[in-house]
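Here is the structure we will look at, set down as structure tokens.
By letter and in written order, the chains are A, B, C and D; residue numbering begins at 1 in each of them.
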Amino acid sequence: MIKAGIIGDGYTAAELIRILAGHDEVEVVSVLSTENVGRRMDQVFPHLTGFCSLECEESLPEKLIGRCQLVFLALPHGLSVNIALTLLKNGIKCVDLGADFRLKDASLYREYYELEHQAPQMLEQAVYGLPEIYRDKIRNADLAANPGCFPTGAILPLVPLLKEGIIKPEGMVIDAKTGVSGAGRTAKFASHFCEVNEGIKAYGVGTHRHGPEIRQELSFAAGMMVDMIFTPHLVPMNRGILSTCYAQLAAHVSPDSVREALEDWYGKEYFIRILPPGTMPHTKWVYGSNFLDIGVYTDPRSGRVVLISALDNLTKGASGQAVQNMNLMLGIDEKKALMFAGVHP
Amino acid sequence: MIKAGIIGDGYTAAELIRILAGHDEVEVVSVLSTENVGRRMDQVFPHLTGFCSLECEESLPEKLIGRCQLVFLALPHGLSVNIALTLLKNGIKCVDLGADFRLKDASLYREYYELEHQAPQMLEQAVYGLPEIYRDKIRNADLAANPGCFPTGAILPLVPLLKEGIIKPEGMVIDAKTGVSGAGRTAKFASHFCEVNEGIKAYGVGTHRHGPEIRQELSFAAGMMVDMIFTPHLVPMNRGILSTCYAQLAAHVSPDSVREALEDWYGKEYFIRILPPGTMPHTKWVYGSNFLDIGVYTDPRSGRVVLISALDNLTKGASGQAVQNMNLMLGIDEKKALMFAGVHP
Amino acid sequence: MIKAGIIGDGYTAAELIRILAGHDEVEVVSVLSTENVGRRMDQVFPHLTGFCSLECEESLPEKLIGRCQLVFLALPHGLSVNIALTLLKNGIKCVDLGADFRLKDASLYREYYELEHQAPQMLEQAVYGLPEIYRDKIRNADLAANPGCFPTGAILPLVPLLKEGIIKPEGMVIDAKTGVSGAGRTAKFASHFCEVNEGIKAYGVGTHRHGPEIRQELSFAAGMMVDMIFTPHLVPMNRGILSTCYAQLAAHVSPDSVREALEDWYGKEYFIRILPPGTMPHTKWVYGSNFLDIGVYTDPRSGRVVLISALDNLTKGASGQAVQNMNLMLGIDEKKALMFAGVHP
Amino acid sequence: MIKAGIIGDGYTAAELIRILAGHDEVEVVSVLSTENVGRRMDQVFPHLTGFCSLECEESLPEKLIGRCQLVFLALPHGLSVNIALTLLKNGIKCVDLGADFRLKDASLYREYYELEHQAPQMLEQAVYGLPEIYRDKIRNADLAANPGCFPTGAILPLVPLLKEGIIKPEGMVIDAKTGVSGAGRTAKFASHFCEVNEGIKAYGVGTHRHGPEIRQELSFAAGMMVDMIFTPHLVPMNRGILSTCYAQLAAHVSPDSVREALEDWYGKEYFIRILPPGTMPHTKWVYGSNFLDIGVYTDPRSGRVVLISALDNLTKGASGQAVQNMNLMLGIDEKKALMFAGVHP
């Protein structure tokens, strides 16, 4: 068994353990924590009773040297850089579920995360961990920057169309709706049940940190700086992100080419399901699973393209994708431990 | 007391009764029904116990002649036309909460509602019942077409900006999110708790019937046919609509003019609350009330305008607005019986 | 206008303002706060925009002397005693929505609230503010101890039956289910959306502080110490308490006498609605209103009595009842500002 | 691979397929349906896309002869009897997820299900499919009557205590709270989102069909007719049942013996988790899994025992337990395909 460690004790850490409990080649041998040192993970997360009796250890990355071949960093941004440096130096591969290695441009990191990046030289080395786009690079990577939950849902439907010149690289709108677990497990007023339940609101309008991450990847795909706006909304549900992406068909392009391009690109991807014409995704259909469903609508008159994607923010949007990256980095079948259906209803 | 009747026994009928219970000049004297004839309204809707002990009568509009001065039609589309004809002929004013008199163009009605309109000559006579836009016409109307719930949330923020030429009349996106009560009280698979709870989906993409209604009013405001796309989403909550409206600042227009125009137009409107800079609306803040809250964001670089509105689909989006129309049509203070705060949390 | 003050800025304070906005004899002139000093109440609670623009003042009760005739104390337990002393000394009546004056036995207070009561002599003076039981005393009271939300739901159905000897004073089970707003507005892990949504749990089993309060009032009614167990549960909803109360018919008592006694006692009570045979209450039917609905079932074979009550924990379970008490204490019609229907659905 | 069939196309059928997708010794080869004949299961249930592309066949049990070794009957009560007769005659084992073979007394079946049982002689042959109680019998059974969801949650905690004489066989109260999926997938008013969300109610008070089933098994355990009352409540959540069971300690029995007995009985059971002292179960911890968690509280003064159990009504309360029974009946490891953790949050 390959040995893995986890630094962090929030929802994504628990989701990693849930998934890896079904992995027959990798075993979690250590969980580092700041707030739950000395408590067993199945006390912190009783749903894991019978699946993980590890006691949380102090959050010192040195503790993992010699014990793990790969470590998942499930930490707030800003904390991963030095830890990753230490681990990589000791030959331990890293999958960072946080935001520290996603933006290639350290000045954007400074602007949006209000922090000076402590090791900008690593940004080149880090591979953006979106397997359906960067699979080969991930296979050879020591450090994967696991994408944000919103970027995963926005980038995957749009990249093929931008790469193929099917949609215009300007005027795009990405209107995303997320469940509450994306905001983490810490008690905050904004996550208070009564402040979320029976309502919907937008937040971070024009300023959300996932905006530049999406723009970066769409611009890489388009080969030029794209123009798009991203607006996240908070929905009264635990899990799930629905991304409604609006774009304009490029000139002289047939409406049918939208669906054709997506089917070409993703037809053999296990985790991407292009829904049949007339069917639009529901986040419930991917609940607790690693799938990303995409629905396609093109208005023949106006040339408006509407792509809607659904994913589970803790699975394909975080820990499931992290395991997918891990499998690639360790030379294991990419789908291992991830081939389960969503829980419905 | 002025006497009013209600035809229909769904959620909007119950909401009319809840609101009118607090009205000291108008009294509901009759409720006509198709499915609950002979049952008392407080048996059908136990929350009305103590507020309405009327027995539902058969749905024959003749029954109301001589008993009512105004009737609310809370019926599925297609059923109101002949009823309204009968009532109007007998000097009874009508507020139609359905869709039969909203579209001025009978061919659009045919296309979207798949019905031949039975009295297209009435379409001119009917006044679109959005008091903040058509107040004077409503005061003199015998027949008010109460707007759809989505149109109310989309039209009110955008009309001033189109009228003043502040935003471009093309490339608009209206991404709306609604609670489930908008789909009515009848048991349907799409309203099944387990099919809605813990998930979000889009529906009617490119084809929803409120699309042409929004387009009509925005085009009137712009003085030309506008280009916009409207996408509704179903959110796991009972009440509320959040409409995220995207537009492009017109050339040579200052970003500040967006907020200024809205404050100019709506500064004295009791039911419209323009939120301060940096605050975006939450449907929870208008829950059970007749308010429509609007938040404003303009991106100075890209000139992208994001207007977000929140309303309660059963109140400002239906029965509250119907009472507002009724008050105007009967020469009563427009706010009468509607000046209550939302229920929070 | 009579002037009232509020000390506290949580959900019950906001609910007081919502209700009193519709009161034409009483006006809220001041809100004292610890955490929101200097902020306007409609900034703290945007649903109150247009209803309360008072700025929160520092939480010094002296500020209210000479400005108010009555003050609502909406504070965590332990904080009200000295404040009430000061206000009463200055001729200001008090309604305490907290727990400091509910238990008549200071040793129970010490045991359950882990605090020495600072003015046990006031416990005799304070009137338990359950108008349907103690109306006359409340009319003459300067200090009303507004009941807990669970006690309101458990005491009202059971008291008549205990007073009349219809049920046995032992072996009672009160299984209660509450919405999350009962836990207050402060961000806590237990109120985190994701920890509540899509699940149900019991809490405080055998130890909840409302247990001795219920036992006190049931024992007063029975004229002897009763034996009962109370178990609260947390339900994924904002508002509402359903109390399922199990008791045993006393010997030689007809099953019909259960309903008869309740109808006799409460037939003329505006806020108590005894539901017809075969109908059991739903918390949705009282949502946002001051009603308490009671459903009755008696098993003829086993003599088991099941009484189920529903109330809104923030209205009849807190602020609505507080206004009811205020009305009585000020000689105003008890129902003033409280005669509105619940919001459904 | 052993071949299995499913008759039915509701939530429990879909859950069977979800679970069996992870089974490496059993394969679902046919799904019979009444309403979805000709549609693929992954069209009816898009979350199963990639997991089951079987087309629903007409609901004729003969279709399964020669194709299956075991069939799951996931049908409304009354429909399984003749089908099971046919299948058994042809050497096909059956697990009935419905209610037709649960009650040993055909007169109770008549009373509660308002149907004459068509093959009462089979009631003796059918084994009540609660593996933790009847494991050996199930191993040898051809026909397993999968228990109701509520009975599973009530029987498992109480049986050991009744068998050992630790609690009294009278005065028991079982107050249960269920998610909505227990009511099935068919659109019904009682399952309408708006009628369930933001509220809680009791239903079937004193008359629910799971009452006699619970009473039967508790009476078998006690060796005498027990006295208990069962009240189910509907909670706004998709999945989960919490059963709060109240009983009285028998005379001369130590409070500690309650926990001891449960730990003795269930210490080696994989799917039953006795929670540590002070911890009470949350349905969220078993969401989507086959576990049943039990929390224990005994009041030393009054001798009142409170046992609280949590399960997922579609898994341990239906399809998970059915697969557990299938495994036993086919001589496969009982836990096969069921060893996954719950999905949290």
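Everything below uses one rule, namely that a contact is a pair of C-beta atoms (placed from the backbone, for glycine too) under 8 Å apart; a residue touches a chain by one contact, two chains touch by 3 or more.
Only a predicted model underlies this, so the values are computations on that prediction, with no experimental measurement involved.
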Remaining chains grouped by touching, subunit B not included: one piece
Residue-number overlap at the subunit C/subunit D interface, same or different (half cut): same
Chain pair with more C-beta contacts, A-D versus A-C: A-D
Chain centre separation in whole Å, for subunit D relative to subunit A (CA means): 36
Mean-CA-position distance for subunit D and subunit C (Å): 39
Centre-of-Cα separation between subunit C and subunit A, whole angstrom: 46
Interface hub residues of subunit B, defined as touching at least two other chains: 11, 179, 181, 185, 194, 197-198, 236-239, 282, 284, 287, 345
Chain-level touch network, classified as line, ring, star, complete or other: complete
Subunit C partner contacts - residues on subunit D that touch it in the complex: 171, 173, 175, 177, 194-195, 197-203, 205-206, 227, 229, 231, 233, 235-240, 242, 244, 246, 248, 280-284, 287, 295, 297, 299, 302, 304, 306, 308, 310, 345
List of subunit A residues in touch with subunit D within their complex: 11, 14, 17-18, 21-22, 45-51, 181, 185, 197-198, 238-239, 270, 273, 275, 279, 282, 284-289, 291, 293, 340-345
List of subunit C residues in touch with subunit A within their complex: 11, 179-181, 185, 187-189, 191-194, 196-198, 236-238
